[in-house]
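Have a look at the structure below, then the notes.
Order of writing sets the chain letters: A, B, C, D and E. Residues in each chain are counted from 1.
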Amino acid sequence: MDYFHGYAVVGLVAVVGVLFVTVAFAAGRLLRPEVPTPEKLLTYECGVDPVGEGWAHTQIRYYVYSYLYVIFAVDAIFLFPWATVFAAPGFGGATLVEMFVFLGFLAVGLLYAWKKGVLEWT
Amino acid sequence: MNPANYLYLAALLFTIGAAGVLIRRNAIVVFMCVELMLNACNLAFVTFSRMHGNLDGQVIAFFTMVVAAAEVVVGLAIIVSIFRSRHSASVDDANLMKL
Amino acid sequence: MADSSFPILTVTAVLPAVGAVATAAVPAARKAAAKYTALLFSLGTLVLALVTLVRFDPNGARYQFTENHVWVKNFGLHYDLGVDGIGAVMVALTALLIPFVMLAGWHDADPLEDRTGPNRRWRPTQGFFALILMVEAMVVLSFEATDVFLFYIFFEAMLIPMYFLIGGFGDRAHAAGEDEAARQRSYAAVKFLLYNLAGGLIMLAAVIGLYAATAKQLGTGTFALQDILNARASGKFDLATSTERWLFLGFFFAFAVKAPLWPLHTWLPNAMGESTAPVAVLITAVVDKVGTFAMLRFCLQLFPDASKWATPVILVLAVISIIYGALLAVGQRDIKRLIAYASVSHFGFIILGIFAMTSQGQSGATLYMVNHGISTAALMLVAGFLISRRGSRLIADFGGVQKVAPLLAGTFLVGGLATLSLPGLAPFVSEFLVLVGTFSRYPALGIVATLGIVLAALYVLVLYQRTMTGPVKAGVEGMSDLKARELVVVAPLIALLLFLGVYPKPVADIVNPSVQHTLSDVNKTDPKPALEAKK
Amino acid sequence: MTALFTGGGQLAATTENLTFFGHDVWWLVVIKAVFCFAFAVVSVLFSIVWERKVVAWMQLRIGPNRHGPWGMLQSLADGVKLMFKEDVVVKRADKFVFIIAPIVATIPAAMAFAVIPFGPADNEISIFGHRTAMQLTDLPIGMLYILATASVGIYGIVLAGWSSGSTYPLLGGLRASAQMISYEIAMGLSFAAVFLYSGSMSTSTIVAAQHDRWYVILLPVSFLVYIATMVGETNRAPFDMPESEGDLVGGFNTEYSSIKFALFMLAEYMNMVTVSAVATIMFLGGWRAPWPVSTFWEGANHGWWPLLWFVVKNQLLMFGFIWLRAAMPRVRYDQLMKLGWKVLIPVSMVWLMLVAAVRAMRNENYDFGRIVLYIGGGVLALLLLSLLVDLFRDREEKSAEKGGPLAPPERFDPMAGGYPVPPLPGQQAERVPRRPSRAQPQLVGANGPSDPDAAETEKTEDGDA
Amino acid sequence: MSASARAASVHSLWTAAPAADKIPAPHIEYAQLSPVLIVFGVAAVGVLVEAFVPRRSRYTAQVGLAVVGLAAAFAALIALAEKGYGTTKAHIAAMGAVAVDGPALFLQGTILLVALVAVFTFAERRLDPMAHGRHVDSFAAQGSAVPGGDQERAAVRAGFTTTEVFPLLMFAVGGMLIFPAANDLLTLFVALEVFSLPLYILCALARRNRLMSQEAAVKYFLLGAFSSAFLLFGIALLYGYAGTVSYSGIASVIDGTAKTTPALASSTQNDALLLIGLAMVTVGLLFKVGAVPFHMWTPDVYQGAPTPVTGFMAAATKVAAFGALLRLLYVVLPGMRWDWRPVMWGVAIVTMVIGAVIAVTQTDVKRLLAYSSIAHAGFILAGVIATDRNGVSSVLFYLAAYSFVTLGAFAVVTLVRDAGGEATHLSRWAGLGRRSPLVAAVFAVFLLAFAGIPLTSGFAGKFAVFQAAAQGGAMPLVIVGVISSAIAAFFYIRVIVLMFFSEPKADGPSVAVPSPLTSTAIAVGVAVTLVLGLAPQYFLDLADKAGVFVR
C-alpha cells in the first residue's frame, strides 16, 4: 500500500471540513444583516468602555505551567514507542528499569516544582 | 514524490530562520527563528531517514524535539527574567557591556 | 672535573636561588637581615665558582663537571650542565660581580614611605636582593647549560626578575619628579621585556624547528648539544642549508637582542638609564654577556655553515655598533646613557671578535667579556655613587668634583681609562687581541673598528673633564667622598683591572683550549701568514 | 546505534495488520469520509438537544419542546438562528486570526473521526456491493494522530482568546490553554498504559486487542484518569473555567457571534464526541458488544451491529458529561490545576510503572502478575479517590492554619479599601466607645477607680472627650 | 532511489514485520559509564535536596554532595583507567554511543578535577560582605526576582541563596563528560545541549550586576542556540550523506569502505552534503571553543557571568569542546584531512592573532582573560591541526594545564573587591602588588603562565602544541603562534606592571580574605602551574598514553 494513502484519506476529511466551513460562512454572509455601529465594535467589558491593554490581568504563572508542560509533554515522545514495543519478546527487565529511571527523572523534576510551590495557583 | 523537495524546503526554512536570527531585534522573535531552524533540521532528518531507509533520522528527530523543548524552557525563562527587569526584549537594549 | 661526583655546577646555580627564597622570606621590618642573608649567599656562590675555576683543567675534557639527566623526555629536554673554559670564566665573573652589585646597591631599595598605611606589606628591600640572586641563578644556569632547550628556558626566565629590577627600583632623585620617573621606569622595563621576549620567542620557534629537524633525522628529537654535535660528526644529522640558515637566524636574533647589537640595541640605554647603577651593572656586565656567550656556544657550534654564511653581515653590524655606540656616547648629556652607549660599542667589539673566526679574535672576545664586565662595573658603580650624591644624572650638573671628592674622582678616572682600554689595564689586552684577530682576516673592518678606540678616548676623557675638573659647580660642593662600603666595592674591581691588565695569562690559559674547540667545530683555522697564502 | 534503530525499524509497527485499509474504490472512500463528518455533526446536533433535555429533567424542567417532536430539532433551529445573527468583528480584534480561529477549532475536531473504528477491521459490510470495513482508514499511529488533532484544536481556542483583543477572551484563552496542557500530560500517561497492553497505537488494533477483556477492567485507574482528563480537555463542567460565565462573560468566545460562535459550539461538542469515542475505543472495547450480549449472540459483533454498540457506548459517555454538568459545581481554578498536577499526573505515572512492571513479570511468566495488577489497581483507585476527597479539604485547613491570602486579617478595618465593609467571618467588629447612659453616673463614683472596667470606660471617655 | 530500495525502505519504515523475530534489546555497559552516571545521579539527588532539605542546611548538603559525587566519579574514572580502558581495552560502549578510550578518560578526568575545584569557588561565602548577618555567595538570592525589586530585597533579607547552582553545575559536568566521549553525532548534540543549558542559567545568576549577568545569559543563550542549530543541521547533512550518525560509520562511508546500499550510492554522489555538513558541525564546535570568527559571545559572557561560573566555563567548556573537536576530526574525518586542514589553518591563525591583538585594548580584567582565552583557543587549534598522535597528546596536555590556570586566575579575580562587588576594571588593580603582594604575585604567576614564560605550565603546553604542529609540518603556524604569543605577553605584562609598578589608589579596592575554599582553588591552580611547568614528564606520558582514539 502506498505510504501516503492513509494520510491522503485523512486529508480528504479535512477537505470535507473545509467545504463545510466555507458553505457555512457563505450562507451566513448571505443571510445575516450588516449594521455596524461604533458601540458594537467596542470590546465587551461589562458595559463600561474598555480600559487598558488586554494583557492587564495575565500573570507569570501561565509561563511556569507552560514550562512544566513542555518538559512533561516530550516524555510522551519516549514513552509511547517504548510502551508499544515493550511487550514484545526480548525486552526484559533492563528496559523496564531504564524507563523507570527516565520517569524517575521526570518525577524528580515534578517534585522539585511541587516543593518550590510552582504548582500552587495564587 | 521526490524526497529532495523536502530537503529544499528544510534548507529554505533553515535559511529563513538564520536570517531571522540575524536581522530581527526582539529576543523572543530571534528565539522563535532558532526554533524554526531546529525544526528545519528535523524535517531534513526525517527526509534523510526515509531516503536511507533506516530509522536513525526519525529517532534523532525525537531527540531534537526534546532538546528543543528544554531549550525553550531555559531560553524563555532567561528572556522573561530580563524582560521583567528591563521591560524590553530587544537585544539592542542589552548593551551594558559594549565598550 | 668530571671525576668528582659532587654536582658543583648545580649547587653553584641552586645556592643563589635558595638565597633568593631565604631573602624574600625575611620579615618586612628586618631589612638589614635580608641584605646580609643575600650577601652571604652570593659570597657562597662566589666561593663555589672560584673552586670550579681553579679545579677546571684547561687541557682536560672539553666540558667538565658535567651532569646529565633527562628532564622532559617528550621535549628532548635534558638537564645537562657542564662548563668549558669560557663557561667557567663567565660563571666566575658573574659570581664575582654580584656581591659588589649588592654592596653598591646596599641602600638603593630601602623603602621611603613609613611602614604603616596600605602598603604595609610592600617589602622592596627583600624583593631587590632576592631578585638579584634570582638573576644570578638564572645567568649561572644559562652559562652552564649544555642543552639548547635548557639554556633557552633560563635565557627566557631570566627576563622576569630582571624586568622587576628595572621597573621596580630606580634612582632616588629624578629630574622630572617621582611619577615621571616611575612612568619612564616602567616604560624602560616594558621595552626591555618586549625586546627580549620577542627575541626569545623567535628563538623558541627556531628551537622547535631544531627539535622537529632532529626528530625527523634522529628519530627522537633531542636538544643535548653533545648529542647533536656527535650526530653531525657521525654524519647522521645534517641540516638542509636553508633550514640551517633559518634556525641560525632565529637563534642569532635572540642573542643579538640580548647582547645589544645595532640596530637591536635601543632598549639598553633606556634600561640602564632608568635603573639604579647596580642594576645597570647587572644588565650590561652580567645578563648581556649571556647573549655573546650564547653566540659562541650555540650559534657557532650548532650552525657552523650558516655562521660562516652570515659572518660578513654580522661583522659589518658589529663594526657599525662599535662606531655608532661610540658616537652616541660622545653626544650624551646623561652619564648613565653615556656608559650604556659605550657598552653598545664594546659589545660590538666582542661580537666582532667572535665572528672574526680566529683564535685571537675569539679568545680576545672572551677576555673582553670578562674585562668589560669588570671595567664597566667599576665605572658604572662609581658613577652611581656620584649620581646618588648629586641627585642628578646630567653631566652638566657636575664639575670640579675632584676638588671636593678626590678619591671618587680617582676611581672614576681609573674606571674610565679601563673603559677606553688604556694599555696596562685589562680591557687593553682583549681589545688588542680582537683587533689583531680581525686584521688577520678582515683588515678593512679592523681599521674601521680601530676608530672605536679613538672615539672611546674622546667620550671618556670629555666626560671626566666635564664632571671632575674645572670650577666646583653649585650642588657639587659639600659632596662627600667615597665611604668605606663604597671603597670596598670599588677597590677590588680596580685591583682586578690592574692585575688582569698586566697578567691576563691565567684567564687566557683557561679560555684558549675551548676557543680552539669552538673553531674546530666551525672547522676554521687561523689564516696562514700572507706569503704562504699566495702560494 | 544504527543496529538498534533499524532493529527498532521492524518494531515501528508491531502486530497491527493494516493491509486491508485503502483498497476501497474512490467513491467509497468519499462516502465514508462524508459519513465520518456527518456522524460528528449529527451526533453534535443530537447531543445538544439531549443535553438540554437531560439537564432540564434533572432540574425538573421540561426543556426544549417547541421544534420538532419533543423539541428534537431545537439545536438545528439554534444553528439557523445563529445564521441570521449579525457577525460583529470588534475594532481591537486581529481580523485575520479572529476569523481563522473558529475554523482552526472546528476542522481538526472533525478530522479525528477519520481513524475511529465503527466496526471490525474486516470486510464486514457491503455498500453498493462493495465489501468494506466500518472505518475510514487507520494509521499505525492512530492514537497519536487523534492527540495531534485534539491539540491543534486548542490553538483555535487560544487564538480566539488572543485575537479578540479583549480582557475576558484573553483570560479565557490562557486558562483554556493552561488547563488543556495540564490535563494532556495525564491523558498521555493513561494512553501509554493502554499501549503497553495493546502493543500498538492503531485504533483498530487496540479494539481488536480487547476481544476477551476490556481495558476498563484491566486498567481501571487509567480509565478514571482518562475520564477526568477528557472532561478537562473539553472545557466541560465542572472544569469549564475558560468559558465560565460567572467570572469571564463567555470566556474565549465572548466577542464571537453568529456563525463563528456556532462553529465554536460545534467544535466543543465535536470534541466531546471525539474524546468519548476515544474512551470507547481505548477502554470500553470500541464496537464490541457488551458482555452479556456477546456471550449468547454470535452475530453481535458482525455486520452493521457494531455501529450500534459503538454509538450506544459513545452516547452513554456523553450522558456522563451531561450528568457531570448538571450535578457538579464548577471547581476553582487552583483546585483544577492542583487536581491535574498533584493528583492525576503522579497517580497515572505510578500506575504506568506498576502496569509496566506487571507486564514485564508476565513476560517472564509470573502468573501472579495479574493478581498484582488487580490489587495494585484497586489500591491506586482508592488512593485516587481519597486524594480527590481531601483535595478540597486540606485547602481550607491550610488557609486556616497558615493564614493564606484568603485568611482575613485579624484586626477588622471597617473602612477597608475606603468603603464601609461588614466584618468577615472570624472577625470581630470593635465596640464603638459610647458615653454611658446618664442613668448611672453614680455607679462610677460607687465602685470608683478601683474597678478596672469602669476605669477603662473612663479612659476611653477621656480619650474621646 | 530505485524502486526496490523504496519498497525496502517503506517496508522497514512501517509495514508489518513478523512479530516472531527477536528484538535486539539495547545492551549498555553501565560499569564503563559509571563516572557519567554517578555525576548525573548526584545531580538528581541534588535537586531532591533542593526540594526536601530545609533551607538552612541546604548549602552544606549541596556542597558536600557535589564534592563527594565528583570525587566518586573521579575514583570510578581512575578505576576504569587502571583496568586499561584508556589503552588496551579501549572500545565503544553503549551501542556505539559513547567511546571509552584514552582521550575520553583523560579529558573526563580533567573536567572532573576542574569541576571539583570549581565547586570550591562556587561555595565561597566569605568574600561578599555579610547580608543581614548571613554569609552570602556570589549568586543571586533569588534568580526569578526582579533586580532591585521588593521581592529581591525580601529574598536577601530572608537570607535566601541559590543553592541550585550545585545541581546545575553537576548537570553541566555530566554533559561535559559525555561531550568528548560522544561517538555518534546524536550523542554529541545531546551532550552539547545538556552542558550548555545549565551554563546559560548559571550565567544569569550573579548576585551583583544582575542586569549585566542577565544580558550575558541572553546573549550566550541566543548565540549558543543559534550555533547548536547549525551543528544540528550539519549533523543532518552528514547523516544524509552517510546514512548513519555513528563516527566510525561515517568514516567508513567517507573512506568508501562501507557496503553500499542504493540509497548510499545516490547520496554519496555529491560531496556537497558532506562538505557543508562538515563545515556546519565544525562551526558549532568552534563556537563552543570560542574560536574567531565565532568568538563574539566570549567577552560579554565572561564579563557578565558570575566570576566562579566564568572560571568554570572558561576551563571546562574548552576542555570538553576541544575533546569533541579532536574526536570529530581524528575519527570521522581523517579521510577529509586535505579538505579541513587549510580551513583550520586559517581559523587558528585568525584566532591567535585577533585574540591577542584585541586583548591589548581591553580595560576589564574579565574581558582581558576572555580574549586571552580566545588566543589560547588558537594555540590549541595549532596542536589540533597536527593530525597525529603527537597532536592529540599535546592538546590534551595543553588543556589540562590551561584549565587550571584559568580557574585559578578567575578565582583571584573574585578576591579583588570594592563597594560594588568585584573590581574588575584594570585601573582599579593599580598598585595591588603593594597592598597585598601575595595575591598580586599569585596572579602574576597565572599571567606568566598564560604568557607562556618558561618554568610555568603555560610554557610546557605551548611548547608541546607548537612542537606537534611543527612536526606536522605547520611551521608557519608555529611562527604566527610565537608572534601572537609575544603580543599576548605584552598585555599580560601590562597587568603586572599595573599591579607592581604603579602607586596604589587611595580609594583602591581591598582584597577580601577568602575562606579555605577559594584558597584551595587558587593553591591548586598555582601548584598545577608550577608542577606542570617544572616536571611535566609524568603528565606528558599520561597524555601520550591517552593519545589514541578508538574507532
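Keep this in mind: a residue touches a chain if its C-beta (ideal position, glycine included) is under 8 Å from a C-beta of that chain, and two chains touch if they have at least 3 such contacts.
On a predicted model such as this, the values are computed, not experimentally measured, just so you know.
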{"item": "Label of the chain whose CA centroid is most distant from the centroid of chain C", "value": "D"}
{"item": "Most centrally placed chain - per-chain CA mean versus overall CA mean", "value": "E"}
{"item": "Two chains sharing the most contacts, counting C-beta pairs only", "value": "A-D"}
{"item": "CA centroid of chain A to CA centroid of chain E, Å", "value": "38"}
{"item": "Inter-chain centre distance, chain C versus chain E - centres from mean C-alpha coordinates, in Å", "value": "45"}
{"item": "For chain A paired with chain C, centre-to-centre distance based on mean C-alpha positions, whole Å", "value": "82"}
{"item": "Chain C and chain D, separation of their C-alpha mean positions in angstrom", "value": "92"}
{"item": "Set of chain E residues in contact with two or more other chains", "value": "10, 12-15, 19, 23-24, 26, 186, 244-245"}
{"item": "Shared interface positions of chain C, touching two or more other chains", "value": "none"}
{"item": "Numbers and ranges of chain B residues touching at least 2 other chains", "value": "54-56, 59, 70, 77, 84"}
{"item": "Touch list for chain A against partner chain E, complex", "value": "1, 3, 85, 88-92, 94-95, 98, 104-105, 108-109, 111-112, 114-116"}
{"item": "List of chain A residues in touch with chain D within their complex", "value": "1-2, 5-7, 9-10, 12-14, 16-18, 20-21, 24-25, 27-28, 31-36, 40-46, 50, 54-58, 61-62, 65-66, 68-69, 72-73, 76, 79-81, 83-89, 91-93, 96, 99-100, 103, 106-107, 110, 114, 119-122"}
{"item": "Residue ranges of chain D touching chain A (in the complex, touch as defined)", "value": "8, 11, 14, 18-19, 21-23, 29-30, 33-34, 36-37, 41, 83-93, 103, 106-107, 110-111, 113-115, 136-139, 144-145, 164-171, 174, 177-178, 181-182, 184-185, 188-189, 191-193, 195-197, 199-201, 249, 254-255, 258-259, 262-263, 333-334, 337-338, 341-342, 345-346, 349, 352-353, 356-357, 359-360, 363-364, 405"}
{"item": "Chain B partner contacts - residues on chain E that touch it in the complex", "value": "1, 5, 8-10, 12-13, 143-144, 146-149, 186, 189-190, 193, 197, 200-201, 204, 209-212, 214-219, 221-222, 225-226, 228-230, 232-233, 235-237, 239-240, 243-245, 261, 263-264, 266-267, 299-300, 303-304, 362-364, 367"}
{"item": "Chain B contact footprint on chain A (complex, rising order)", "value": "4, 60, 63, 67, 70-71, 73-74, 77-78"}
